[in-house]
Structure formats: C-alpha cells, structure tokens
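I've put the structures underneath this note.
Two complexes come next, and they have one chain in common, chain A, joined by chain B in the first and chain C in the second.
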Partner chain A sequence: MPFDPHFIARLIPALLVGAEVTVELAALTMAICLVWGLVVALANGVRGPLAWLAGGYIQLVRNTPLLIQLYLVYFGFSMAGFGLSGFASGLLALCAQNGGYVAEIYRGGLQSVSIRQFEAGRALGMRRWTLYTTVILPQVVARVVPPLTNQSIAIIKDTSQVAAIAVMEIMKITEVWVETSANTYDVFLGAALIYLALTSITGLVGKLAERRLAFAQ
Partner chain B sequence: MNEFGPLIHSFWYLLRGAAMTVLMATSAAVPATIFGVLLALLHIFGGRLMRSAILGYLFLLRGIPLLVLLTFVYYLMPLTGIDLPPFWGVVLVISLYYAAFISEVFRAGILSLPQAQWDAARSLGMTRGLMLRIVVLPQALRLAAPPYVSLCVSLVKATSLVSIVGLWELTMASREVVERTLAPFQIFIGAAAIYFSICYALALYGRHLERRVLLGH
Partner chain C sequence: MNFRLLFGFALAFIAGPAWGQESLLDVVLKRDKLIVATYSTSPPLAYVDDNGKLVGFEIDMAHEIAKDLLGDPDKLELVVVQSDGRFPAALSGKIDFGLCSTTITPDRAVRIAFTRPYLDTGGSVIARKDAGIKTVKELNDPKFTYAILNVPPAIARAKQVMPEAKLLLLDSPSALFLAVKTGRAQAFAIDKPIADFYEAENQDLVRLDTSGTPFAYVSQDSIYMKPGDFKWWLFLDTWVGELRSGIRYEKYVEWYRKWLKKDPPPQRFYDYNKY
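Take a look at the complex of A and B:
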C-alpha cells in the first residue's frame, strides 16, 4: 500500500545513508575535476605532443559512456591485478569522464574573453602576470561558473550509475528496497525527492556565485 | 595479440549490439527532437499556465537521474499493467528525458536572435506563423545545431544505461561476452572503441556545424 507512514519512517533514514555516499562521491569528483580539468586544459593549450595527448584524452572520455568506463575500471583493473573498491572505481571513472568536460569548460571560458582585452592590457604596459590576474582571469571565472554549475548537477546525477558496481548510494539502496518491499511508489518518490533536493541546492549555490561575480561580466 | 583473442572472436557479436544501440538511439532521438522543439515554442509563446507547466516538467526531468527514471518505469510497468514492449518503454523514457534538454537548447537559439529580426518581420506585416517559419526558425535552428548534436552524443551514451534494466544492446552484449570469456579489460575496451567511433563521428559533424555557424556571423 502506497504512502504507509511506518514504511516511510524506516525508508527515509536508509535513503539518507545513501545520500551521504552520493554527496561524498559527487563532491570529491567535483573537487578533483576542478584541478584535473585545469591541468588538462593547460596541457591542451601548449603546442606539442602534450596538447595532442590532452586533446586525445578529452575526445576519448567524452565520447564513451561512463558506464563502460566504470566497468573497465572496476572489472578490468581487478583482472589486471590491482583491484579497486567500488567507491574508488566510481570516483576514478567519474573524474576521468568529467575532467574532460571541465577542461573544455575552462577552454571555452578563456576563449570567450575578447582578444581586445589582451591587447588593451598590453597597450597599457601591463606585465603578463598582472594582465592575467587582474583583467583576464576574473572574466574567465565569471564565465565558467554557470557551465560548472551545470556540470556539478550532471555529476550528481551521474553518481547514480555507480549502483551498477554495487556502491550503496541512493540508486542502489532504492533498488534493494524496491526488491525487498512491495512499495515501489514510496521508494522511488523518496529517491527522486532526494536527487531533486541535491540538484536544486547545487543550482541555487551556482546562481548565488553567478550573482556575486556579475561585476566581472 | 593472443590477449585480444576473446575480443576478436566476439567482435561480430558486439557489432550486432552496436546496431541495436544505434537503432535505440535513433528511435529515441527523433521523438525527443520533435517534442523538444514543441516544448521550446510553447515555453516562449505559451500562456502563463503553459509556461509554469513546462518549467515544472523541466525541473523534474533535469533534476532526476535518467537511471532512476528508467528503473522506475521498469518496476512500474508490471504494476500498472501497461503492456508496452520494454524496448519502447525505455525509448519513451529516454526521449522524454532528452526532450527537456533539447527544448532548452532550441529555446536559447530562438531567444538569441536579435530583437531587430522580430521587429523587421512584424513591420513587414508577417503573421506569427509566417515569421516563425521563414525568419525565426531557420536562424534559430542553425544556432542551436552544435549544442543539439552534442546532446545527441550524450543520448547515444545514455542508451548504455538500459543494460542495467536488462535490455540487450552494446553494453549488455559486452557484459555477456565478459561473463563467458572472463576478459573484461579487452572486451570493454572493444565496446568503448565502438561507442567512440559512433560518438566521435557525431561530434565531428557537430564541430563542422559549429564552424558553419561561426562563418555565418
């Protein structure tokens, strides 16, 4: 029977345990990708074999499904002798894929700054360091915040896929509870509400940051 | 090359899975595009009630992971007695999900047209239908084409999720082969390579369209 209060009282704590894992996984992924994406974007910017490598990496991770990357890391690595836990495999695959996306976001942000801004700075006799820290980067930061917010929301939703390698986050707990109880509606409603809360909060934080940085536009 | 024996032996099987992936992605992309354009137009030209209904739809679909929706429908269909073949069930969910993203891309394309275009069309005495058909949509569709193609890449990758709810396509095929051959590394790399060739071809086409849009300005 749907909306049984006793059932919901037991369900909510269980889902929140999963939500903790989801949040940990998403937050770690985002934190690592902010740095890793920058490394990839910088490598992609210099001329030479390094750029070729970074470009190949970006295309490779962006054009293959996360699920296949998860399986490759989780099953493939353990077969090759160095097995990782489900959580570690999930984190590695999530970072590998989203690092490619974040690198492209950084590149887009830098490219969107008009060449005149560089020329004007140089004409004023600014040193390279001053030009970048006071003129270019504030604009880049303001422009990458909206796409980075979207990427964070995508990461939160992507974490649901690690259920496929048995990490007990929201999705996996949802599956277990649906299969052991007959309360399909309650369980899915609970899971959907938690995901909606997480993605909405992320969206709101992004909006606030955007407003704070509006001066640089 | 002995290590890659399992992959070579099962490559034909994986390719059949890839054909299923392409079929599934196409069947989902066509209705998703039609519904997405419709949503974008209703979002811009519809009344207040219509607009809030669409905003609610976008909020729900963009805040909940696709995997949750797919699993929900998987468990829901037997409960409600809807006798839909699983293939069409997942195609329906994927197209409803991507319609939300596609509508945002097209809406951005339409809204990015300068006001002067609308004013000029109106001052020539065009009706709204004519204005949309020969002034607004041709330009908006061209602007929206590159992000639309990257959504299609994302849709192709998303079809891998249906393997979790038991449908047979490339990812499911590769998991079957892995269970038989115990060579996860080789097989999943093979599957990733097939996904890559599909998605990269699409991405290159998107880049080509992007260049055309930039030239047009």
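Take a look at the complex of A and C:
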C-alpha cells in the first residue's frame, strides 16, 4: 500500500546518497554556466563570425532535447574513441545546454538597461570602466538574479535525466528502488520531496540575493 | 418472519455490493477489449520488428489471452511501458495486467500479484569478442565495465560474482546493447532469451561461460497485476498453467520454436504414457 512509513524511512537515506551526486552535478553545472554563459553572451554581442558562432551554438543546444545531447555525448564520444564517464558526460551536456540559456539571460539583462544611461554616463565624462562597474553592471546583476535562480532550479530538475546514462543520482536510485520494491508511489514521492527540498533551498538563496541587490534598482 | 432473519437479509443486501469492486474479469468482458502493458525493446519477447509492428513471444501471449477472453485476438490494446512505469500502470488500473518480462521476486510480491511463471529465465552475459574473455569470472577485473539493467537480480549477481568490475546501470535491454556496441562497456547481462537473440544477430559478440556462478540459476517471468482481485488472478493463473502444462501446451511449443528457436521444457517431468 502507498504511504508505508517504515518503507519511506528505509528509502530516504538511500536517496540522500544520490542527492549528493545531484547537488554536485547541479552546482558544478551552474558554476560553469555562469562563466561560460558570459563568454557566449559577449561573443554574441560583437559583430562578425564570432557572433554567428555563438548564435549558432545557442540555437543548436537550446533547440534539441537534453536527453539526445546526453546520449550523443555519452555513447557518441565513446564510439569516437574517447569515452567520458557518465558524470563527465552529464556535466558536459548540462553545461552545453544551460550555457545557452544563461547566455540569453545575460543578454536580456544587458539589453534591459536603457541606452540613455550609456549616453548620460558618457556625457558626464565617465570612463568606460567606471560607467560599466558603477552604473550598468550593478543593474544587470540585480536583474539577472531572478532568471538565474529559475535556471538553477531547472538545472536541478534536469539532472534527473542523467539517470539515462547510468549516473547514480536521485533518479537512478529511485529507479532501482522502484524495480526492487514495486512500491512506485512511495519511491517517487520520496524522490519528489528531496527534489522539492533542493529546489526550495535554491529558490530561497535566490530570494536572499535579490533582496541584497535591491539597492541597484 | 423472524426479525433477526430479516435483519440478516437486509445486511446481506446492503453489504453485498459493498464487498469489493467488480472483478477485472467482468470489467474486461463488459468492455470487450483487453488492455495489456508490454515492453517494446526486449527481443524476442516484445519488440518492434522491421515493419514497425510490435511482435514477440509475449505479444503472441497477449493476443491469445484476448482470444480466449473475448473471442478475438485483436480485441487487445497494447500499452508500451518502461520498466519504472510498469507497476504503477497496474496499480492505478490503467492496464488489466502486464506482460513485461517481469521476474518474480519476493520483494515485489509484497505489492504486486504474480501468476505462476510462463518462462524460465536466468542471467546470461554477452561480451565483445575483442575483450578477449571467455568466462564470467574473468570479467571480475577493474579494467572492465559491465552493463546491467537496474533490476534487483542483475545487481545482486553483479555484486556477488564481479565486485571488481565497474558497473553501468541502464534501463532497457537496447541501452545495454548500445553500451556494449559503442564500447562504453565490454559486457552486459540480460535475460537468457534476449541474450540468445542478440548473440544470434551479432557476430562481434560472444556468450560468456557462466557455469559455477549464480548466473546458472533460474529465475521466473510471470504475468503481474494489481493484487486483491481473486477472480481475475485465478483466470490468468489458470491460463498460464494450461499453457505450460495443459491444454494450451501446443501453443507453448509453437511460440517457443517461433521466437526462442527451441523446444520448451516438457509438459510433464515424468513420462505420461507410463502411468
């Protein structure tokens, strides 16, 4: 029967082992994407072939399913003779896809600052560096925090797809427990609760960051 | 009339319909269609053939059950499930029963009802020829990666026989096959009938010798359903019993030869003509 408390008590510690892998994977993905997304956004901002490259990359990764990217990296690279581990393949695919999204978030943030502020800064004789660090970027950072929080939550949920390439994160352990016990409801419920806890914490951190940066608005 | 008797009748009348829900057997007959969960990636039991049709040993079984129940093998809806969706499909009542190469395990029997088994299976291990090994025991080496389904018998055997090898847990036979074909893993374990199929179809793969290991033991595949419906379970269990050792044995022989390319276990373990 569903809601067997003894069963759930045995289940949770097993899922928490997977949660460690999920957190590692999601945190690394987010950290890498913050930098990689900026590189892509900047490349996309300049005119010329670099922008085409960045634009093409964003289109490619954003418009194909993560699961297919995972399979391509995991099985495809292996066929080509340089197989990455499941974790590394998962990290690569997650970063590739989410890097595209984060780049778009940065672009949105930059474009949201009125062109008049650039003109006003220059009219006041501010140097480019000062203009960016004291006027433009504080506003951009404050504006990209909410969508970045969203993206972090999406990443945490996306990590569940990495189960398909044999990474022992929450979802994989969930599958093993479902197979073993046939107690699907309790196992999925337990997994959902752990994901909910992880995403709620992320959301909370995002909210705190937002409040901290509110002065810039 | 005796008041107590009257009360008894009244109680029987009220309690009667409340005893339990209608059996699925009656529901299926009334609906005039049977709904069965199957796999689509586990040849030769249930897979999609070159024409895009779902075929296999288990698919033939499902059609035959529909024929026995409703007089027409095509009064059947096949619902393709993944391994983690097969039990909730039954428990939630979306399907009437499942025919998904499902091994009976005591853990599962706590929450799911099984008929008697329709197929003996066991683990078989298939390796790439270029791995240069012949026995399962040789696979117990950290330099080898070994792909298995994330199911309890496979995990238990792997931990017992090859604790040194790296494990790769995947969720379908075709993913295991892909892992070995692409070189992600050097070997994979799968139910014997499926292994027979892959071995016959692929020259670059080889069956490993499993003698003297738990792989040599038999496990049993069975039809599963939501527990608690005696009438429905009894029908299906009787059906499987007749298939394996009774009046439908002829069909069993036919399907065994067609899909597994060999004869099934005998109808009786003794010589019937002698007694």
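Here are some notes:
Keep in mind that, in the parts below, the second predicted complex is superposed on the first by the 211 of 217 C-alpha atoms of A that agree within 3 Å, B and C clash if a C-alpha of one lies under 4 Å from a C-alpha of the other, contacts with A are read in each partner's own complex, and residues count from 1 in each chain.
Convention: a residue touches a chain if its C-beta (ideal position, glycine included) is under 8 Å from a C-beta of that chain, and two chains touch if they have at least 3 such contacts.
This structure is a prediction, so every number in the text was calculated from the model and none was measured.
Under the clash rule set out above, the superposition-derived model of chain A with chain B and chain C contains a clash between the two partners. In the superposed model, A:199 makes contact with chain B only, not with chain C.
When both complexes are overlaid on chain A, the residue A:69 reaches chain B alone and has no touch with chain C. In the superposition on chain A, contact is made by A:79 with both chain B and chain C. In the superposition on chain A, A:166 makes contact with chain C only, not with chain B. Contacts of A:158 after superposition on the shared chain: chain B is touched, whereas chain C is not. After overlaying the two complexes on the shared chain, residue contacts for A:184 are found with chain B and with chain C alike. In the superposition on chain A, A:176 makes contact with chain C only, while chain B stays out of contact range. The superposed model places chain C right into chain B at 77-85; the other stretches listed in 23-31, 77-85, 131-139 or 203-211 stay free of clashes.
Residues common to the contacts of chain A with chain B and with chain C across the two structures: 75-76, 79, 163-164, 174-175, 178, 184. The touching residues of chain B, counted against chain A in their complex, run 59-60, 62-68, 71-72, 75-76, 79, 153, 157-158, 160-161, 163-164, 171, 174-175, 178, 182-185, 188-189, 191-192, 195-196, 199-200, 203. Per the touch definition, chain A reaches chain B in the complex via residues 59-60, 62-69, 71-72, 75-77, 79-80, 153, 156-158, 160-161, 163-164, 171, 174-175, 178, 184, 188, 191-192, 195-196, 199-200. Those residues of chain A lying in contact with chain C across their complex are 1, 74-76, 78-79, 81, 83, 86, 163-166, 168, 172, 174-176, 178-185. Here chain C touches chain A in the complex through residues 83-84, 87-88, 91, 105, 107-108, 110-112, 147, 149-152, 155, 168-171, 175, 178-179, 182-184, going by the rule given at the top.
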